[in-house]
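Chains: A, B and C, in written order; residue numbering restarts at 1 for each.
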């Protein structure tokens, strides 16, 4: 028993099996087969390894963004001069990755809680109090019909906002010249790499003077609002009037097998819900971007508010960070898959050989050995034959 | 030398090797083996390719969201009628993907910087000034004990907020009828596809009238707040009182091998920190959602503020976008792995044949050829035998 | 014809092919080969399966965050005592995952739309009106030079903000003692698992008293602001003065093959744009964090605002959730790749055998069978030989 274990063990260790093969001297099959195999090899090396970098492990960045708008607008509406600075036109104010730059607005100054007639919109005409059912859902009516406007009286912040006409040209058309400063920090946790969009060549003195341009200043983190809008396919005067949403994509595609200095951001701009330029308005409903906000104050003990319907450019900064680095696991997985595909190549070649070549029977006999008579008569001589052959 | 290279080269190109195989005629082993192989094949084709779409490359969407609440509430608190519109009850106002809809509040009107007694909460009683140590950490005390309230006097925004009792029923219970409009744009960069949740069938006229319903209107981007709350498992009256957080998931699972028209969003709703319905309050502490904010104003040269403790429904809109498209690399990787698994099947079959079948010795002899005498005596005749055989 | 199909079919089912192999008794080759194979096996089992958990399918969490700051600061600036609570110092107020805690500020009280001289900054001196060209881009000048300040008069919110000197020490240095409460809910959709950072051991009574400490209280969701700042590598007094950005990473790495109770968050803190401690100021420009916001009010019918230049700690809470669970597909893919790599091992062994061993010709003859005379003369006897052998 012990000796048998020993023998099995020594057999396992000192003997190794390797498949027996036929070397087929058939030009056509061989050439086709070599071409297939070299194609597979080229694919594995060229595509999987070189192009797709299949030997790399990939990490997705976690990122943080800080933004700052700069610029001042001057308006002169009905003889009232007014200056707008960043604290006035950016929402929210604290430098988020998603924010709105006001370019147009409808202000309703001095609203207070009161009763006042609805705005006539062509559909809500009334001629007597009977038309003004109290307590309807959307508007809270008092039940009276006001003769002056031929509309029902409602409880509301009064006077009611009149947003039937959007100012044209937009009030803050000079917003085109505002600049946006973006600070972006990304972290590849798996590789313990932290990186900022203020890369090596972007120092303080460069930041003070530069302005982003895809060709001449592709790394400058300061963007002119008008440029962002134009590059995303909008026309500034149109987006300034009704509003719109723009995505700013910061794309990091880093190969950490190279120096970290080559890991640089790329900026891209695109319109988020159609750019308003194509004519398929039916396909892209709900263009424009607006929201309302209120500035509250108290005057003579009465709470009032200034309601602003703000039209503006909403900017969503999106970071897409991806880094690759050599790692043994994906490398071996890729090699393993490659060997598998090599196996497919062999199968294809064999089919060629066994089914398409004229002398296929000959090759079949070379390749296969039969246990001739099946399982019924495995005679000892048969089994002995092959074994004895070398001793013949 | 040159001719040898030439021969090696021609050998490589005009000769190809294919493994020699034994065809084993053993019904039991063969049937088991074929079943295993067909199982592997079925798995590779059925599961990896058809179900998991292993032939596709996958991209994760980057997305942008814009939201807009609509609806008006009317309150009548101690004879004071008041209207609440979106500018009053949505935080923040600019249409973010994460926002709060106020449903209840505790307002402390006209706070100013002053000295006033602490609110008695059962633990902070004082009977003499000695109990009121000046400069304690959390409250900044003046050092006096006020007799009226039996609490210490503190520096604070006065009067101090009294949030010991949450209004019940919630003040803005009609918030149930507000509607939420969601605009969502997703981008699959790898495939250069941009898509909005306003898909082909959702045109302007449909948006004007529709309301989301999972069965009848699954693509309508307008949601009733009450519906969102109920579908996520909360009871509206409860969440309206103490607040709560709800996730709205927009799920895109697109197969870009089909027409882009089939790439549609699916909306799901779920409670984020327990729905408050199960009784395991001990397990899920800190239910409810509230925050404070202040509206500042100046009255008679004194800065004042109205402090609002806001209870509300916080809605987090989360986009989960995934698109697959045919690509040669994952296809070949899947095939490669499949061939590898086929190899496993062969190994299993061989074990069956060589260890479990009664005539295993016979099959062993068929399959293996020994280099009998080991490495000591490789005699020429031996090696010649096999080679000469065909010429016999 | 029919019988032929039948025979093919029965052949396919009752016959199976297995490769013929040579058992090579060559100690050196066999040992090397076995070591390589065992290395591959160890790699597949140890690394791919045990360490990298290659048998698991992975899902990335979608998450939702709610934050709440607590704490009060007391300031006494030029005899004016003032209390700051969370509603005063947190931006935005509604408990977002990204927010700013004000630690220092420059307030410009009572600004109104007016004309006033620019702030002298050393570069904008004027001696006559001629220096003050009207309508320049950044500032909107009236065209007058003011003698008192020797600067041009501009349209602006007046008085102009004077931010030449940042208060030192920072006004709200006691912000160090504020506490931050983080509520985080994550969802692994693929596994239908929802989990909150208030795990089993974190109950209401624990929350009321605990404070996060990486060693003693690693699961407490309440953090002291000063601790966060110190742990991320900043000095609090410095960050409080000029501002800075900190990332709080909540890391979930869950093995769902184990009990869900082992799925716990880990908190990490790091400075986002350099911590200001290393001396490479040139490399990391634009340290600090500040933004401006305005509190608007109306006084005697005139709109005014208090402009705040806020310096503060910006905290970005980032969730990195990843869960693995056993799944048959990655398991089989890993096995498949493993078998592929095994194939590589065999190829290496064969090369050893056929090219490096002294008796390589002998082994070559054992392994390969030639179709000697090439494709020209495939004679029947030749093909018959192998077939007839068993019957010899």
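Note that in this section a contact is a pair of C-beta atoms (placed from the backbone, for glycine too) under 8 Å apart; a residue touches a chain by one contact, two chains touch by 3 or more.
All values reported here derive from a predicted model rather than from experimental measurement.
Although chain A and chain B carry the same sequence, what matters here is overlap: shared residue numbers make up under half of all numbers found at their interface. Between the two copies, chain B and chain C, the C-alpha superposition involves a rotation of 120 degrees in steps of 5.
Once the centre of each chain is set as its mean CA position, chain A and chain B turn out to be 16 Å apart.
Multi-chain contact residues of chain A, defined as those touching 2 or more other chains: 17, 19-27, 92, 297, 336-340, 343, 366, 368-370, 382, 386, 389. Across the complex, chain C is touched by residues 12-27, 62, 64, 66, 68, 71-72, 74, 81-83, 85-88, 92-97, 177, 183, 185, 187, 189, 194, 196, 198, 200, 202-204, 207, 295, 297, 299, 304, 306, 328-329, 332-333, 335-340, 342-343, 359, 361-363, 365-366, 368-370, 372, 381-382, 385-386, 389 of chain A. Chain A makes touch with chain B in their complex at residues 17, 19-27, 29-31, 33-34, 43, 47-48, 52, 91-92, 98-100, 113, 137-140, 155-157, 245, 247, 249, 270, 272-274, 282-286, 289, 291-294, 296-298, 301, 303, 305, 307, 310, 314, 316, 318, 320, 334, 336-341, 343-344, 346, 349-350, 353, 366-371, 373-375, 378, 382-384, 386-387, 389-392.
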